Amino acid sequence: MSIVVIYGSTRPDGNTEQLTKYAIEGLEVEQIYLRDYKIEPIEDRRHSEGGFSDVGDDYNGIVERMMKHDTFIFATPIYWYSMTGTMKNFIDRWSHTMRDEKFPGFKDQLGTKKAYVIAVGGDNPHVKGLPLIQQFNYIFEFMSISFEGYVLGKASRPGDVSTDSRAHSAATAMNQKLKE
Amino acid sequence: MSIVVIYGSTRPDGNTEQLTKYAIEGLEVEQIYLRDYKIEPIEDRRHSEGGFSDVGDDYNGIVERMMKHDTFIFATPIYWYSMTGTMKNFIDRWSHTMRDEKFPGFKDQLGTKKAYVIAVGGDNPHVKGLPLIQQFNYIFEFMSISFEGYVLGKASRPGDVSTDSRAHSAATAMNQKLKE
Amino acid sequence: MSIVVIYGSTRPDGNTEQLTKYAIEGLEVEQIYLRDYKIEPIEDRRHSEGGFSDVGDDYNGIVERMMKHDTFIFATPIYWYSMTGTMKNFIDRWSHTMRDEKFPGFKDQLGTKKAYVIAVGGDNPHVKGLPLIQQFNYIFEFMSISFEGYVLGKASRPGDVSTDSRAHSAATAMNQKLKE
Amino acid sequence: MSIVVIYGSTRPDGNTEQLTKYAIEGLEVEQIYLRDYKIEPIEDRRHSEGGFSDVGDDYNGIVERMMKHDTFIFATPIYWYSMTGTMKNFIDRWSHTMRDEKFPGFKDQLGTKKAYVIAVGGDNPHVKGLPLIQQFNYIFEFMSISFEGYVLGKASRPGDVSTDSRAHSAATAMNQKLKE
């Protein structure tokens, strides 16, 4: 198994990264911090003459790195009850990649992948983060990605997540599953 | 009553705009197309020394225009079961504005506003769009904005939404309520 | 098309029935008021020796009447953010019927049916009723029933629902679709 | 702290009870198996002359026992993506109790309680059980009960839940929290 973590956080060493550390402890993983790259919002050209055209930002390179792995972990802080705009821009662009001849079979290949979600928020995430989990589930269903599990964590200030014992134990269970 | 529509679409004259037309017919509204502006993703600096700093993009100007109105309509295509990254970046930035001395009382003022949501998607939006509605509800609750109503529409190809009679009648009912 | 309405209400002439009237106006429908019948809670005997045994209440007769129709409308007040216990007991029993030799092909036959949901609640049903809609969607998906639409209405005191213009227009749109 | 478990299961020694055992291990708890009692569906008489009248079944006795404790665990199999009809009938009756002079201050007293939910289902409960969690959250919010945590477990055949490591670790974390 080969694992990539896609981070949607916009500041380093935050609670999302800390919670993810529990989940990937002892595992070799590639880590991609989306905030380090330039990713433009998608422009919907599905119905335009000529279709999509190359954007020329860092997006394609990230997809190439991601697709080398068979297990994806999407780790995002919960901003306004959803994934960060940074991560949303990344996922929105999949609509282009699905139609991009540079990535033939993109959707078919995704159908062989496994995915996990780690999401950390400050306002009752164990309940108010559930719509985000439902959305990830729909995304994975659409792409036939197998949704293997998720961890929600509660944290506001730096370091807070270490006090969410529920999140800690769920991340540890995820770690064990990833090691199987 | 003074109405502003915030559009999250990334292409002009799409189904979201068409459905919104039914909702605002006969009303004077200001329309803001987020795709016409440069809006950077937020960088979370809530816990950084010095806090947030000016970004210098078009975001502040849009907030100023929005806040002149007492009724907001958030109109977005559903990309991957959620609002577009373009609209998400706009809303993520509210976390800065809440702490921005250029916008004193931002949250208090939002607490006097009314909001509507219009969202159009291709993959069973009347069910798979519900997590998005729940998220908007949480956002509005957090800001004490009164959530007055929403319309979900189904459309994939340009013009499709005109065949969703449920959406059409809901948009017409919204129009009547907006005129009261 | 042949339509049956299954009512979960526990008092006559309530808001749920009133809203349903808009939806079925001018249509010939069979109406089943579950409160008029004795329906025991299911006893899960899927894994018991001998399996399920006959209960001898009114349930089977209701299923027979329901299955003669090709379009089902489930009309329920929202009690505690979900369908009434009266309606839940009815649906729980489907787990027996699926395994009941008196109803061979029950699930296959359901796969040819269409369903609508009408649900009326007092506490912000347009948002807090959404989990119920998601559950009906899962039920219908499991049975391959086609989920054609739903109406949520807001009402607390008798007659209240007539002031929910959104619900009224949605019920009218449902009525038009049922007449197609 | 004094704990009561309310079981909604309809067969003994099922997966829900087994998962609950992990959560209450080493704790003294009162256990109430709703299936052992006669609980009629509510008849909504909020708007009837004379209001609600005594039902004469086992419901009131169960409420009395429940209210002696300060922490409630609602443990239910997931039937059709929701709590069992057996448990739903019990909760529906709260609408009567809130207006029952035999239970003065019922709602106020609930506002001092803590609650947990344990729910076990066979069809992707970690995702399809989320609407049920949202509904419990709304119920607890309405009553000002503090929602302390939940565990979802996956199981179809007897004993299955022991293989859901995620559920096991979450139940263990709940156990630790209950012991604090």
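Some observations on this one:
To keep things simple, chains are lettered A, B, C and D as they appear, and every chain counts its residues starting from 1.
Heads up, the rule we're going with is that a contact is a pair of C-beta atoms (placed from the backbone, for glycine too) under 8 Å apart; a residue touches a chain by one contact, two chains touch by 3 or more.
Computed from a prediction, not measured in an experiment: that's the story for all the values here.
Counted as hops between touching chains, the shortest connection from chain B to chain D is 2. Chain centres computed from CA atoms place D at the largest separation from chain B. Our note on geometry: chain A versus chain C, Cα centroid distance of 38 Å, whole angstroms. The mean-CA centres of chain A and chain B are about 24 angstrom from one another, to the nearest whole unit.
Centres computed as Cα averages put chain B at a distance of 34 Å from chain C. The multi-chain contact residues of chain B, meaning those touching 2 or more other chains, are 130, 134. With chains as nodes and touching pairs as edges, the resulting graph is a single ring in which every chain has exactly two contacts.
Interfaces, counted as pairs of touching chains, are A-B, A-D, B-C, C-D.
Interface residues of chain D, counted against chain A in their complex, comprise 126-127, 130, 133-134, 137, 147, 149-150, 165-166, 168-170, 172-174, 176-177. The touching residues of chain A, counted against chain B in their complex, run 9-11, 14, 35, 41-45, 47-48, 77, 79-86, 88-89, 91-92, 94-95, 123, 128, 130-132, 134-135, 138-139, 142, 157-158.
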